[in-house]
Amino acid sequence: MARFFKNRGANRGLAPGSLVFIGQQKTDTLRVRVIDYDGAKLEEGELQEIRQGGAYKKTQTVTWINVDGLHDLEAIREVGTTFGLHPLVLEDILNTGQRPKVEEFDDYLFICLKMIHFDEASQRVVAEQLSMVLGETFLLTFQERPGDVFEPVRERIRKQKGRIRASGIDYLGYALLDTIVDNYIYVIERLGEQIEDMEAAVLGDPTPSVMENINSMKREMAYFRKSIRPAREAIVKLAKMDNGLIKTDTVPFLKDLEDLVTQATEAIDTYRDMLSDHLNMYNSAVSNRMNDIMKVLTIFAAIFIPLTFIAGIYGTNFEYLPELHYKYSYFVFWGVMIAVAGIMLAYFKRKNWL
Amino acid sequence: MARFFKNRGANRGLAPGSLVFIGQQKTDTLRVRVIDYDGAKLEEGELQEIRQGGAYKKTQTVTWINVDGLHDLEAIREVGTTFGLHPLVLEDILNTGQRPKVEEFDDYLFICLKMIHFDEASQRVVAEQLSMVLGETFLLTFQERPGDVFEPVRERIRKQKGRIRASGIDYLGYALLDTIVDNYIYVIERLGEQIEDMEAAVLGDPTPSVMENINSMKREMAYFRKSIRPAREAIVKLAKMDNGLIKTDTVPFLKDLEDLVTQATEAIDTYRDMLSDHLNMYNSAVSNRMNDIMKVLTIFAAIFIPLTFIAGIYGTNFEYLPELHYKYSYFVFWGVMIAVAGIMLAYFKRKNWL
Amino acid sequence: MARFFKNRGANRGLAPGSLVFIGQQKTDTLRVRVIDYDGAKLEEGELQEIRQGGAYKKTQTVTWINVDGLHDLEAIREVGTTFGLHPLVLEDILNTGQRPKVEEFDDYLFICLKMIHFDEASQRVVAEQLSMVLGETFLLTFQERPGDVFEPVRERIRKQKGRIRASGIDYLGYALLDTIVDNYIYVIERLGEQIEDMEAAVLGDPTPSVMENINSMKREMAYFRKSIRPAREAIVKLAKMDNGLIKTDTVPFLKDLEDLVTQATEAIDTYRDMLSDHLNMYNSAVSNRMNDIMKVLTIFAAIFIPLTFIAGIYGTNFEYLPELHYKYSYFVFWGVMIAVAGIMLAYFKRKNWL
Amino acid sequence: MARFFKNRGANRGLAPGSLVFIGQQKTDTLRVRVIDYDGAKLEEGELQEIRQGGAYKKTQTVTWINVDGLHDLEAIREVGTTFGLHPLVLEDILNTGQRPKVEEFDDYLFICLKMIHFDEASQRVVAEQLSMVLGETFLLTFQERPGDVFEPVRERIRKQKGRIRASGIDYLGYALLDTIVDNYIYVIERLGEQIEDMEAAVLGDPTPSVMENINSMKREMAYFRKSIRPAREAIVKLAKMDNGLIKTDTVPFLKDLEDLVTQATEAIDTYRDMLSDHLNMYNSAVSNRMNDIMKVLTIFAAIFIPLTFIAGIYGTNFEYLPELHYKYSYFVFWGVMIAVAGIMLAYFKRKNWL
Amino acid sequence: MARFFKNRGANRGLAPGSLVFIGQQKTDTLRVRVIDYDGAKLEEGELQEIRQGGAYKKTQTVTWINVDGLHDLEAIREVGTTFGLHPLVLEDILNTGQRPKVEEFDDYLFICLKMIHFDEASQRVVAEQLSMVLGETFLLTFQERPGDVFEPVRERIRKQKGRIRASGIDYLGYALLDTIVDNYIYVIERLGEQIEDMEAAVLGDPTPSVMENINSMKREMAYFRKSIRPAREAIVKLAKMDNGLIKTDTVPFLKDLEDLVTQATEAIDTYRDMLSDHLNMYNSAVSNRMNDIMKVLTIFAAIFIPLTFIAGIYGTNFEYLPELHYKYSYFVFWGVMIAVAGIMLAYFKRKNWL
């Protein structure tokens, strides 16, 4: 199945805004967690019915509702009606092949990104979709499967660490994005180490498997880049956004995030260049190897073929062949052969082939 | 015949706005279907004469007139006079080599795109031209041949599914464009799967036919890209358009379409890069193969040529050749040869050639 | 002589605006044709003296004066004084190495383009300079040699075909540009067919002459591109120009021209990519061929060199060589050789070399 | 460990603004030097406690506080509270993997760059982070380890050389940046010489170590570029900045700096291209070498294999083989062999292989 | 020594604006020539002391002061004080590694360009720095060594040719720039001819020296481009400049210059592409050559190795070897060998190797 491009093509003919889950179902149960807090109080729980979330919409506290699992179309539709979301937003939440983006609606922002991790077993970069709806009094997040990636943020909320409890919805949104981007950086660092280490293998022993490794890393980098470049665009757009939802205090944090993600995309480009250089080195090394092989062949052939020829002459059965009958012929014959071999070796020496 | 570029070059010297059909005639009959609806009522039928369509122009209902077949110049001219189109628009409708674009006129928009499908038999991407004229009360579409690509939209109109019956001309236009873009995505997904699967073949058995496949896929991607990139430009332009013909409600839908088509063009670029990587891998694999071949040759030559030479020495007929007459000469001779072969093998072993 | 870049470098040290003809003289005689028309009347003739043209400057009719041949500096200077042109314009008209451009002066536009045709004999793209001065009541055109490229436009004027007689100077200018661009498209179509056909040759029989063809086509495309890309810039500039010389009615026509020339430049880029792909395929095919050659060599060498060695052993003249004296030695010897050859063949079979 | 990309990925889950030192600790002690001057007076010393620096904040003299060593988080935090810095600024100061940038805050600028030097021993470009906080009355600089790179600036301050004592904080900031950029230029000049000298080695003796040198230089250039390109962006931004901190008099100096760093980045790009050309030349040279080797092999094989074959014929033991018994057979045999060798040599001569 | 990048890196630690001559001293004496003219009168002479030039500063005539030789720091400093130049301008004048640029000061423009010529002896492009200060009543030019490149302009001034005597300082400045750009064009034409001629050598006889020529031409083009691209930027900036120093009448001339230099940079890019194509052709030709060599080897080996083997069989000394004793064995033996050779030849013929 296509890994690099999966979108709603399979659902041709449906009306826009039709709710269809596109992707692989990664969890069986739908889990809706809610955290509601302000500087003073904190409430944490799980919702049985999504429409219960509607109550939080009106309060001025910061409400974060996290939905794990996207397979339950009915639930997603209910989110839509409860929080007044545009049908296209719901469609995008369900489409795990959605391109990362930020969209501005009248009273909320829709943010869609990829969470990245590197799967050691398959040596593949794995992307999972994260959608976020940032309203004035609530933040909705949608993940493909239950994950603990946001646990540190929850922890910070619970322990009143940092400025999170003192800030609003926009800072919470930033904190989550920051967690995702930190993860990008962690994965790039991991891959980067592998890539930088590859150079030794290329120079040391250029076997075909080295080439396969380089190429598979190249493919993973391309896959990563596909997720992170539009993420950068989205974050740049967010940092420039000028509406009531993003407060002035949060802007420096978003700009910092922009720097980070810019640096991450640059690092990916640098590593891609490095992989190309590795490939070039690999190909040069293969050529050099071929040269070595050919040199050995040529040296052997050029020394022994003439000698064999000389031996062949004195293996002929001509009746009248004077050299055969001289007493020291055989020794002269050896002398000649050693001389020929010596000349050849000197020639190859001078050509720098030895 | 040139497949990648076909335009009105063959008609040099004609006045601009002259009506000439450029392309291959793909249907014999001209068929004009009309659907006329608003929220309440729906009328569907076929027109015998194009000028009958003029009646719909004045009504406030949504009228969609679809023309299949472009060979009948007279009919196209009649469309022009009935709906008051610019001669250049008519010329563009008839030129199937037209570059996708959106053009704004005083009281209508002209949109020209390619419908894409992948022909399994010839393994080629096939593009068919779709022209669209979006007026205040009517939508005209022109296809090269009768096709059922818009059937799902008709179905939605008939069944009052989605928001289509409740919306205006601009939403209908969007719905048709959406159908076309969904098709792009479907085709890219199909091609993408093939491209991603190619990697195994490249690494497994790099025969020349693998290279031909990669190159033919590259060519198809180039052909596809030629259609889809200007389509993207056109849709971006449409989503930004600020006139009475596109209503504010429809803009988010067009922006969504823009996202989709952007993602599609990015996917094409990713796949093009991947095909280049495949080619590089193919070439590396061919070099590796050459190395293997040369190694076998060199090993055989470097072992047996010296041995043959030694045998040649004792095949000479020198009268005085002492070694020939010793009793164990022959066995010593074998010993020497085995030793030489052993040394060579050890050497190749150390060089990692075995 | 440099074909790709020829400019006024050879005239270093001359004052700017000095009139020097740069290029090859392509005609002996200077010919000045004039057509003067409006919707009602038409007058056509030839001028003996250029200053006669001055009379047309004041009339409100559309006057088109076409000058064939640029070698007569005196005549060009006279045009300058008669129609009040800037010395730099005259210098540009005479410099056939001028880069295509549009320049706006107070009461006229100066347009400079290349007319392209493909010379079958030399298989080369040939560019000829066309300069155009578009004033309020007159249009001057300058060609390097008499040509019939504008004959169809004259025909349309004479026959009152299309809107040309009803329109002004700007439409006439457009009609001429349109003729030139149609020619670009025709030439690209011709070259494109050749390029698309090359693929079969590359895959079929990759001889060095195929590579030379690809490279010479690449060079021609580069030459073409050098003319057409600045022409595109010029036409884009023209379509955006906002002054009294270009009327609103003509703008859609210029935009149409812009589309055409954009499509032409894109086609050139596509074909350049295709030629690069052809070259890559050629190189891969050459490598594959090398592999085939090496396989044949290796198979022969690896089978017969050991066999020759075995024969060599029994060609030695050792006095005590037991095998020589057994009755069936010779047949065993054959058996061994056939076995060795069989093993080798099986090995190559398994390696997929046969 | 990844050298090309090191950021705060390892600290996933921490709150933004948390102070963590990212990098290698390069010094044991923290050293805080202060220079305070105006046109008239100069005071130089070392601070025991960072909070003593607060006193300088209010005076109108130019105060430059330089901190060597970043490992002491407490000290950095104290700087923050003393001078009122944003937590993100402190985080960036401590993150030695930070991307060069300029950030504008309400009453100070934060500038972050890399100091570059080329380590002869490891043949590597080494980057050290320099952070700078430019307030209205103070300039803070933070280095990873004590270095004398700014000593010349101190010297100029002490000796009242140039305009430094007569100018303000902004000029001091510029003077430090100028020192850093001068260092970039010095390093590029050094590397450039090495790169330009490599050409001779490539053409002379293309051993694999030459290729490794080219590739390692390429990698160093990539590493350098990673630091200098964002530095350029930062300086461009600084030169355009329009606030009270940068005075009009200093702007031409910053523009001059911008020119220098632009030229430096262009030089890096030029050298990168040159290294690519070197690699291409290397690969061509390797191919040529292979051709030479193959020519030698082919010449030897093609001359001696037929000769050996002829000798082989007369080494057969056929009972009835007439040539063996003629008196001059042996000499004719030699004649034939010399003729064959001569023909082959002439053939290779004509093919230009000798 | 680095040729591609030479800047003030060696002077690290000096205060900005310190006067240091960077480059090679190319003349021993300092020569200061002055031309002072208006439409009516002309005065030409040489200055002994630079401060005498100050007198011309106040007159309304056009004064052109040309300084040959940059080694005399004192003289340059005097120019600075006499004409009131910024210290950074003086520093740039003395730095022959300065990047071409235009800078606007309050009452003068500073322009810095490279004069290019092609040194036939070393086959290298040589760049010399030209600095220009364009004030309201004076024009200062600084050259590295006395040259006659501006002699034609002086001639035009003396002979009242063209518009130069009737125009102001800005036109004089333009005239000098025009001379420099004409020189660029002349050099590109010269190099272009060489590059276009190279193709024949590549296709005819691809020796390593051909590759070295291509690469050295590539390097020269890179060197040229390094000078001309920023020169283009500078001229574009100049043509757009909107201050009292550049008069409206001169703008079309500057635009014309812009066209020329644009065309020159495009020509350089075209030639760079062409050189890359040449290299590709060279590499393909080398591969083809290798194929030819291998074909010869393989044909010889594949024909003669089996034949030698057959001869070897009948050279064995088996006691019981029936064929040896038949009367026509030897002739049958020949027949078999001719048949084997014929079959091989037919096989190679079919493979298109002959």
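The letters A, B, C, D and E name the chains in turn, as written, and every chain counts its residues from 1.
Heads up, the rule we're going with is that contacts are C-beta pairs under 8 Å (C-beta built on N, C-alpha and C of every residue); 3 or more make two chains touch, one makes a residue touch a chain.
Worth saying up front: this structure is predicted, and the values here are computed from it rather than measured.
Undergrad: What is the touch distance from subunit B to subunit E, in steps?
TA: 2
Undergrad: Moving only between chains that touch, what is the shortest number of steps from subunit C to subunit E?
TA: 1
Undergrad: If more than half of the interface residue numbers appear on both sides, call it same; otherwise different. Which is it for subunit D and subunit E?
TA: different
Undergrad: When the C-alpha atoms of subunit A and subunit C are each averaged to a single point, how far apart are the two points in Å?
TA: Comparing mean C-alpha positions, subunit C is 42 Å from subunit A.
Undergrad: List the centre-to-centre spacing of subunit A and subunit D in whole Å, with centres computed as mean CA coordinates.
TA: Each chain's C-alpha centroid was found; their separation is 26 Å.
Undergrad: Give the residues of subunit E that touch two or more other chains, as numbers and ranges in rising order.
TA: 283, 287, 290, 294, 297, 301, 305, 308, 312, 315-317, 321 - these are the residues of subunit E that touch more than one other chain.
Undergrad: Building nodes from the protein chains and edges from chain pairs that touch, which of line, ring, star, complete or other describes the result?
TA: It is a ring, because the chains touch in a row that closes back on itself.
Undergrad: Quick one: what's the order of chains around the ring if we set off from subunit A and go to subunit B first?
TA: Listed round the ring from subunit A, with subunit B adjacent next, the chains are A, B, C, E, D.
Undergrad: Show which residues of subunit E lie in contact with subunit C when the two form their complex.
TA: 151-152, 155-156, 161-164, 174-175, 178-179, 182-189, 192-193, 196, 199, 203, 252-253, 255-256, 259-260, 262-264, 266-267, 270-271, 273-274, 277, 280-281, 283-285, 287-288, 290-291, 294-295, 297-298, 301-302, 305-306, 308-309, 312-313, 315-322, 351-353
Undergrad: Which residues of subunit B touch subunit C once you look at their complex with the stated criterion?
TA: Residues in contact with subunit C: 1-18, 86, 88, 92, 99, 101, 103, 105, 205, 208, 211-212, 215, 218-219, 222, 226, 279, 282-283, 286-287, 289-290, 292-294, 296-297, 300-301, 304-305, 307-308, 311-312, 314-317, 321, 323-325, 327-330, 333.
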